Amino acid sequence: MMQALAMIFTPQLLEATIRLSTPVTLASIGAMVCERTGVTNIAMEGIMLMGAFFAAAVGYATGSPWLGLLGGIAGGMAFSLLFAWAAVTLHINHVVAGAIMNILAFGFTRYFMNVFYHIQGTSPALPVTLHNYKYAVPLLGSLPVIGPAFFNQTPIVYMSLVAVIAWAWILARTRLGLSVLAAGEHPMAYETLGRSVPRIRYFGVLMSGLLCGIAGSFLSIENSNSFTEGMTDGRGFIALAANIAGGWRPLGCFLSSFFFGFVDALQLRVQSSGLLRIPSEIFLVFPYVATIAAVAGLVRGSRPPAAVGKDFTIEGEGD
Amino acid sequence: MKRALVLAIAIAVVLTMSVEAQSAKPLVAMTTDTNGLGDGSFNDGVYAGLKRAEAEGLCTVKVVEAHAMTDYVPNLSGLAEDGAKLVFGVGALMIEQIQEAAKGHPNTYFAGIDHYYGGEIPPNLIGISYREQEAGYLAGIVAGYMTSKYSKNSPLLNGKNVIGAVLGMDIPPVERYLAGYIAGAKSVNPTVDVRYIVTGTFADRAKGKEASIALIDQGADIVMQIAGLTGMGVLDAARERHVFAIGADVDQNAAAPEYVLTSALKGTTISAYKAIKALSDGTLKGGQNIVYGLAEDAIDIAPFHQFDKIVPAEVKDAVAKAKRDIISGKIKVPVSLAELGIKK
Amino acid sequence: MKKPVLQAGLLTAALLMALPGVVLYLASYFWGAWLLLGALCMLTAERLLTRGPAEVGVQARALLAKAAMPVEGICLALLIGAAIMAVTGHDPISSYGALFYGGLVKNWDVSVLNATPLIFTALAVAVAFHGGLFNIGAEGQYYVGVIVATWLGLMLRLPPILSLPLIFLAGALAGALANVIPAWLKVRTGAHEVVTTMMFAYAVATLSPIFIRAHGGDPSMTDHPGATDTILQQSQLPVFKSVLPLANYRLHFGILIAIVLALLVRFLLSRTNLGFKIRATGFNPTAARMQGISVAGITMASLLISGAIAALSGVTQVVGLDHRMYQNLSAGYGWNGISVALLARNNPVAIIFASLLWGTLDAGGQYMARTVQTPNAIIEIIKGVILFLMLAEYLWTWLSARLRRQRVAA
């Protein structure tokens, strides 16, 4: 029994957790920014999928995974622009618009997979992926447990950690951060200060598009070497849950994404160790139950921005 | 003059006959499972068989990719209605649907890949299954030797005497592979530790990669994939973590040349080809289950390609001997974990 | 002849023609359309008689105007789809030809079968929408219905006349129960039901393999892994073929149940007190509270009813079509139900037609993929564009109307 436990709880578990939580961390920060400006974004699944697709397509066409990453970001941002237009300018209900975005993303990627590569399942493999650019930070990489997990990783993993720190700083210390927070809490007051709520909302949505684009790129050109249909596998929604569970705060997003990644990594290792012969589904369901608990406010202080999801029209009539 | 006329008539007859033969080329069709083509193993293997037959002029080919399980019956029936003479249904998950389609279209042959039908089989339905355990056994022998006795032959091996397997779903063909793999490895290396993980899906590449990494973290230096598209993730992990992978169903060396030691070949390609050949010869018989194994030349392990030099003669001889023994019946390869005494 | 008698006669005639007309047309007896046309004539005659030609004209024009927008949206989406097809090297004309022939004629039965579960989930989403709530997790309640129906279908040994209603009732109750926690959380803590219903849906989907393995799907013991045993004969819905021999053998009565349910929901929402309260709460909860409506109670009621209807979707699929539960069957009825509800603007009767449209696109798309080799993923794009355009147009007109009013007032 002890031997099995020792086999499960190894430094590699931490490293796997960080790796598994990276796309969710990125997307949940994106959700956080977006929702902080007042736009409910359930389209992250679709945006991430578009990012993954374009990253693989551009990476394959140009042979450079870095260009692929740019492609993924561009794809994610372009698609989120459509969502921003629908939700902010056309005043379509945010949840409704988000649902439509997801449908569009699935259809688009499936159709163009067929058109570009004439097969449905998987796109052709990139010869060089971002995984080849794994980088070990000089001193810190050799620290005992946290070294390999945090400081000897592939590029996008680093980006996710940077994103968390960056946005924690932005929200706490900069005018931009203040704008984002204010627009989500009191859009009317924000407008009377002479600022533009639609503009900051566009920013919020595009930022989520950028981060989800990076998250999608991770899936296709860093963790793998091609795009597979539907490869986001619900991570966009888990990110939404992670944001809520994290109380719309950067560190909270990171911790809940970490938790979800941890459960995922743990479940595999427990299975192969033969320790517990319980159905793996029991593990897999943990994140969802945890989210419901968090959303119910069992996580203290988890309160959404006051104006999230509420339409903002210039006549001054909120919803 | 008369000879010229006879010759002309003969040529005309031959020409018309060949034209008729052309237009009488039967249509052979297949519907993939929800993974579609490009899964690198299963669907692609069957498709390759159809393509080979087409290249030899035996038939014309049509493929439809299913998106959801509800597509199986419309696809199978629809292809029959389109005039296909032989329709392949790929994958154990459409076992009920193909029986339905066969009953509804008695004039078309249906062949189910990975299907074994119980009870009364409609006369136009053929179940094709394989003795995956034999392929698994051969792969297991290679893995058992290389991970321990010959671990010095390659920097990818670590001598910890642990090998792994990543499974898609816990369905009979997968379990047969695994049972053979374990038996084969233990037959040459009784102390080897074989670990496996069931990912629960044939379609999640990232999950396959994570499962392999979990096994690699636990010391495995050879990981076999029995997971279709999920299994491509195993190759990803092998590439990243510098260990060996063993492919399944078709020769997967090309997908990760530096890391795929061998593959357990299932003969999907050749079984599909043989069925089409029988159709065009007129010898195709329905209402039966055909099982393909070593004896039918359908099971094997793939060549070692660039690893041919590091795999020593003892291993190759052991594989050859095992093949002979399995065919002669001297070795009985287990088909389930229960037979091995492993509780699930 | 006396007017009321004539009126009653016309209405009865309309009904007597409409009912068989609908049943026949659904079973691919396309001449049933003549009966429907006849029913329409009877109805128009009755209206002319009771309301007079002027008012009938106004009503007809209003109806056409209302129908114009979705039709416009659909046509525009089809045009965009054609453009994408052309740009990517597929012939739009033959593609659309195959699409409509396949969906409306050749595989009309598949279209109807596709539409059936959608009607239920769309109704569920619509009821929630009317109450101001988003039941995004309809997919999970669908699964709950499937599980309950499969379980009872394997166990109950009663004649169909007892077992089927029992299964439907149990399924509806289970679906309502599934939404108890999200509803309660919404009322007590304000937890957004989008997240709670969605998480519940994922949880059910994740845990369902356990149920399947326990009921005949265990790979080590069965020859049909990944699916439960087939439910007993007496728990299976009758099929059209039992009365109409030319109908496809898979077409089951579920579509009729769905249509009846849609009419019931319409009645509930527009003619009952509860329906009024639901709509009032959805429109303006504050005003509703001031009118003495218990917003908390209505919120719960809306979500529970929504859950019950969504679960019936799953029940119908099991007792009507699949007769078992499949693993990994995420046919997306929840998501597509949301799309259909949006397209139909949450109007129960329009939902019937929107569902048939969606079902036709899917069935026709498969036919198109098979015959002209155009990938049927274009259907997903077309669907998305239809929704997008429809909503954009609707909101554009609404918004421009408001701006105009504002400008006039200013």
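We just call them A, B and C in the order they show up, numbering each chain from 1.
Throughout what follows, contacts are C-beta pairs under 8 Å (C-beta built on N, C-alpha and C of every residue); 3 or more make two chains touch, one makes a residue touch a chain.
Because the structure is a prediction, the values reported are computed rather than measured.
The chain with its C-alpha centre at the largest distance from the centre of subunit C is B. Between A-C and B-C, more contacting C-beta pairs join the chains of A-C.
Chain centres here are Cα averages; for subunit A and subunit B they lie 37 Å apart. Averaging C-alpha coordinates per chain places the centre of subunit A 32 Å away from that of subunit C. With each centre defined as the average position of its C-alpha atoms, the distance from subunit B to subunit C rounds to 41 Å. Touching two or more other chains at once are residues 65, 200, 344 of subunit B. For subunit C, the set of residues that touch two or more other chains comprises 209. For subunit A, the set of residues that touch two or more other chains comprises 120, 281. Those residues of subunit C whose C-beta lies close enough to touch subunit A in the complex are 84, 88-89, 134, 136, 181, 185, 189, 191-192, 194-196, 198-200, 202-203, 206-207, 209-210, 213, 335, 338-339, 342, 375, 377-385, 387-388, 391-392, 395-396, 399, 402-403, 406.
Here subunit B touches subunit A in the complex through residues 35-40, 43, 65, 164, 195-198, 200, 203-206, 209-211, 213-215, 217-218, 229, 232-233, 236, 240, 255, 343-344, going by the rule given at the top. By the touch criterion stated above, subunit A contacts subunit C in their complex at residues 40, 42, 86, 90-92, 95-97, 99-100, 102-104, 106-108, 110-115, 120, 234, 237, 240-241, 244, 279, 281-282, 284-285, 288-289, 291-292, 295-297, 304, 309, 313, 315. By the touch criterion given at the top, residues 107, 110, 114, 209, 219-220, 223-227, 249-250, 326, 328-332, 363, 366-367, 369-371, 376 of subunit C touch subunit B in their complex.
Across the complex, subunit B meets subunit C through its residues 34, 62, 64-65, 67-71, 73-75, 78-79, 82, 92-93, 95-96, 104, 116-118, 169-172, 175, 200-201, 336-338, 344.
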